[in-house]
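When the chains are written out, they are named A, B, C and D in that same order, and each has its own residue count from 1.
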Amino acid sequence: MLFYFFGALAVIASLLVIAQRNPVYSVLLLITSFGALSGLYVLLDAPFAAAIQIIVYAGAIMVLFLFVVMLLNTPHEDTDADEKTHPMLRPGPMRFGAAMAVALLGELAWALSRSGPSSTFSNTPVTSLSAIGYTLFTDYAFQFEVTSVLILVAMVGAVLMARREDQPGEKR
Amino acid sequence: MFSVISNNSFVIAQVGIAAVVWFLLQISAAVMVYFERKVCAWLQQRVGPNRVGKAGLLQPIADVVKLLFKEELRPAAADPWLFALAPIISATAAFAAFAVVPFGGSTTLFGLLSEPLPLHVADVNVAVLVVFAITSMGVYGIVLAGWSSNSKYSLLGALRSSAQMISYELSYGMALAAVLVLANSMSLRDIVNAQSGSLLGIPQFRWFVFLNPLGFLLFFIAGIAETNRAPFDFPEAEQELVAGYHTEYSSMSFGMFFLAEYINMVTVSAVTTDLFLGGWWFPGVPESLGWLVFLFKISVLLFFYLWMRWSLPRYRYDQLMSFGWKVMLPASVLNVIATAAAVLYFGL
Amino acid sequence: MPSLNDYLILSAVLFTIGTAGVFVRRNLITILLSIEIMLNAVNLSFVAFGRAFGTVEGQIIVFFVMTVAAAEAAVGLAIVIALFRHRESLNPDAFTALKW
Amino acid sequence: MMLLLIPLFPFLGFLINACIGKRLSKSASGLVAVAVMVASFAVAVTSVIQLAGLPEESRAIVNRIFTWITAGTFTVDFTLRLDPLSALMILVITGIGSLIHIYSTSYMHDEPDSEYARYFSYLNLFASFMLILVLGSNFLVMFVGWEGVGLCSYLLIGFYYTKKSAADAGKKAFIVNRIGDFGFILGVLMLFVKFGSVDFQEIAHQASMLSPEVVFGTVSMATLLLFVGATGKSAQLPLYIWLPDAMEGPTPVSALIHAATMVTAGVYMIGRNAVLFSVAPDTLMVVAVVGAATAFFAGTIGLVQNDIKRVLAYSTVSQLGYMFLAMGVGAYTAGIFHLYTHAFFKALLFLGSGAVIHALSGEQDIRKMGGLKDKLPITYWTFLIGSLAIAGVPGLAGFFSKDEILFKTYAGGHTVLWVVGMLTSLMTATYMFRLVFLTFWGESRTPAAAHAAHGHGHDAHGHGGHGSHLHDAPKPMAFALIALTVGSVLAGYIGLPHALGGSNRLEKWLEPSLTAPHMVASAGEATRSMEPTDVAAPVATEHGGAGEHAESTGVELGLMGLSSVVALSGIGIAWFFFVADPRRAESVAQSFSGLRTVLLNKYYVDEAYDAAIVQPLKIMSERVLWKVVDANGIDGAVNGAAESVGGLGELLRRLQTGSVRAYAASLLLGAVLVLGYYLSR
């Protein structure tokens, strides 16, 4: 049913994201996985989350990524050609990190198994936007403002960093 | 959340409506093509298509046939998957957006149904957001088309259009927010019904275009930019980049972009109607005939589109951008604030 | 009807995929994408919890996470562009110099 | 707090001249310096008068300024104590000091403003430290002054620091003094170990309880070490070598520091601890012998020196030897008495020589002088009187003091030492008058050209400008000279011995300081404690009744006659050789050329020290300490530390790959471990 459909979609898409050598495909697959997630949000009676998932993530952030990919136009990431001589830069850490990731998965599964079986969602969902908005602008008003400041800072920083120097490539 | 009443006849009717809407949208594209050329001709003191059928009425069919029988070309360097995917995305987004747009009150189809059936494909309590989301998806079709066809014209066109769409999405959303404040809901149906009140003593005349004219203006302009129509048609600026993002496309895949463009126009017009022009409400017209009113209003807006395209010159790209960021966005933000203040003050 | 645990397991899987992606990819942009995957996995668990406890906080946290993610993406991509200007590469191992 | 003002005034002057002296005009800074000295003198006089008003048993003013050191039971107060002995000293220091300051104002007048201010700031600082030295009521306070004056003497000897010889002389003085000070501080420590205190009164009190050490013991060792310090400060054998070189400093400095005050610090120190030294006969013996030897030794060198100031310098050393001789034979009063008179006439002589040098714009070689008698009358007469005084001509200050020393020595049974003393006084008269005759008598041997030539580089700078016309001492100098002349004539009369119907008021005056404290009531005990040693006998006589005096009067008178005869004959010898017929001197010099060169080269002592100590030290420092210890040992340690840190950094650097994924991996590892920990418990 829908949950498993969306779940499978999300997992497969994500796997393909990191299995791709071509960043453009990665971005698109990630968008797919986001779509699946927003579907899951819908199933969780969180239409607002679903909507902004699409609007903000898929509609804005991912477009940004796609932009950068196209701008730099490096479709295929360089292969093992430039493995560094430095021991720490050999594929070792990658494998180690991957192993760690798997270990993390195992631990999370363990934790869930310890928490015992959980019931299906019984209590009434909160779908009304007004409720969310109300909480957001009363209890979390301060955090909201801080976030806005954060975004402003990020914007300035991004503009500053992406600005081309007078003579590009001069700093080597 | 899909408010579908589980009843066979209703299900059938619902599906029927969906099918009708889908069909009508395609027809509308054809009609739009015809009228585009006719209006263009009238504005240029010409006759326009008049050979195929009576007054060239069959011209769109001829066009479609031509498209269908053209050869499907794909550049060797193009990325096959994305090249194929791009037009589909565009078309899908265009069609999907209309799904949550109500286009009339409820009808019993002359007593065929036991209960009134609301005229829409699907009603979502966050319909506005859904429309917004889907239109924002539309950009991918363009971007991918431009990138996958691996041609500089296409890429430039794609980058331009996506940048343009993202920039104008902001003011688009802001103008929309003002309406949400007025209607105090995100469901398009609620919004429409919120405009059925009386204004200046005239019933069913409480349209937001009167309450919030600036919002309407902003929304309309942003909508034009969203649909990449003249004078903001940079993605396909013939004089600069052959045909923009669909330079490399031919035959039916090109037709899909073509389709998507016109359906987008229809969708935006429909949304504008719902948001500002009182939807299917018109003084003195019963709700049962609302869909006719709705059709009429959409047509008026669409005529505006054509009118502008053939009378206004294209902007320069930097002008477009600075206009979007330095005029539209501040104006729309101000509009939201002012509207909210007014709502609080007058208790509208 | 899926239970909370199902969502949590899904979230865990996605998170792990993201984590692994950070390590197995040799392309800065892909790594950023993997981080996005991780963020979304966490979002999913938040929403699921919110649904389970019948509170709005779940979605509100998602909202905040998204804003932060937007900021992160903007800055991260700006950095990527700047780096790419200096070395014609997106390989994180090409930027191991501790000072420029 | 009155006593505090005495050293405080000069210190104030030092501060003013040191801080804003550069911006002051010469007259201003000079005025400041003189003013503070005079003020200090005034305070000293008033406090001494106040002291004199006190009853003899408790004749002391004590000012405890603050608690300096507190360590467990051991506390040292910064205390100033005015008793008869220190009273005498402060009068000498502030009085003569003021005169010399006045003299300096015109003597140094050709210095640039900043140098002028620097000079006076040093001079004030010296006065301040010297006063602390004499007023200190315990060893530590005294040591502060002791070191301070050493510093000032270093600064002032090297005043013309651009001149290598001056700089070297300063260093030499400082280093040699350090050697002495080392002994001094060791002695102080030993005393502290022995008596558990560094306070003069306390030590004297406990020492008076002890019976004199017949065999060499702790007290003897401590006192001997103190005496080492004294030899350093007071230029006795074997540490006298710095004093002649100290003449590189400005002449007034030589007068104040290296004749009148600082060099007598050692004598004062022994006098201050008279009771203590009396308990250590062996040390006293050493002191006496060293003193006599120094006196004779320096005298012989003085005979042949040609630099006017060096002659005076050696005579100073010789006179200091006299003082130590006195101390050694237990004639503390006599020693102090000679110290006091010597301060006057030796300062006078130095200032006189300064006037001559001033007039001759820097000329110091007596072979280039002569015939100045008419040109510089004031200088001549004052200098002459000073010479008479030091030569011990009856009626003048030097006569009484020196004579008393010789008498006490003789009375003490030290015949050998007495003979040496006699010979020394003979030589004293001879070289002094050789100086007088060569400088002032005869025809002028001053090459007119020499003025400009020698004008620079010597301490009376820039007198070349004055051309060749000679001018007598300017008013301030003349004033100082005359005042000191009066002093050197009359100073002796406060210590007029009984033999001449005087009642040796000085002896009475000094008695409380030289005997054990709180013991005037039971003076008998103190006396008894000193009886067994013949050395202490004179001390005993000082306390004993007039009976002994009656017996010794005859002897004393005889000795007086003898010594005056010796003095006159010395003058005669000088006249015979240098006035009657200078060629005789030449011939003698020829016949004794070997001896003469030895004397001219001061017995090659400097060379000997250089060969025996300096060179080995240099070689040691260079070959071993520098090339081996420093280069390998210390540098090795330092570099080794640096390299080890660097190596460690190299290791840690392997972790700082700069590879984002490496960092992320470690991060993730941490996360996994923490999560695992919390799950597994």
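One rule holds in what follows: a contact is a pair of C-beta atoms (placed from the backbone, for glycine too) under 8 Å apart; a residue touches a chain by one contact, two chains touch by 3 or more.
Computed from a predicted model, the values in this text were never measured in an experiment.
Within the contact network of the assembly, the step distance from chain A to chain B comes to 1. More C-beta pairs in contact connect the chains of A-D than those of the other pair, out of A-D and C-D. Per-chain CA centroids place chain B at a distance of 112 Å from chain D. Between the Cα centres of chain C and chain D there is a gap of 87 Å.
If you average the CA atoms of chain A and of chain C, the two centres end up 4 Å from each other.
In chain C, the residues touching two or more other chains are 19, 22-23, 93, 96. Within chain A, contacts with two or more other chains are made by residues 45, 48, 52, 60, 84, 86, 89, 93-94, 96-97, 100-101, 104. Under the contact definition stated at the top, the residues of chain D that touch 2 or more other chains are 657, 659, 661, 664-665, 668. This structure has the following touching chain pairs: A-B, A-C, A-D, C-D. Considering their complex, residues 656-661, 664-665, 668 of chain D touch chain C.
The touching residues of chain D, when paired with chain A in their complex, are 654-655, 657, 659, 661-662, 664-665, 668-669, 671-672, 675-676, 679.
By the touch criterion given at the top, residues 84, 86-89, 93-94, 96-97, 100-101, 103-104, 107, 110-111, 114 of chain A touch chain D in their complex.
Residues of chain A that touch chain C in their complex: 3-4, 7, 10-11, 14-15, 17-18, 20, 23, 26-27, 30, 33-34, 37, 40-41, 43-46, 48-49, 52-53, 56-57, 60-61, 64-65, 68-69, 71-72, 74, 77-79, 82-84, 86, 89, 93-94, 96-98, 100-102, 104-105, 108-109, 112, 115, 117-121, 123-126, 131-132, 135-136, 140, 143, 147, 150-151, 153-155, 157-162, 164-165, 168-169, 171-172. Contact residues on chain C toward chain D in their complex (touch as defined above): 19, 22-23, 31, 92-93, 95-98.
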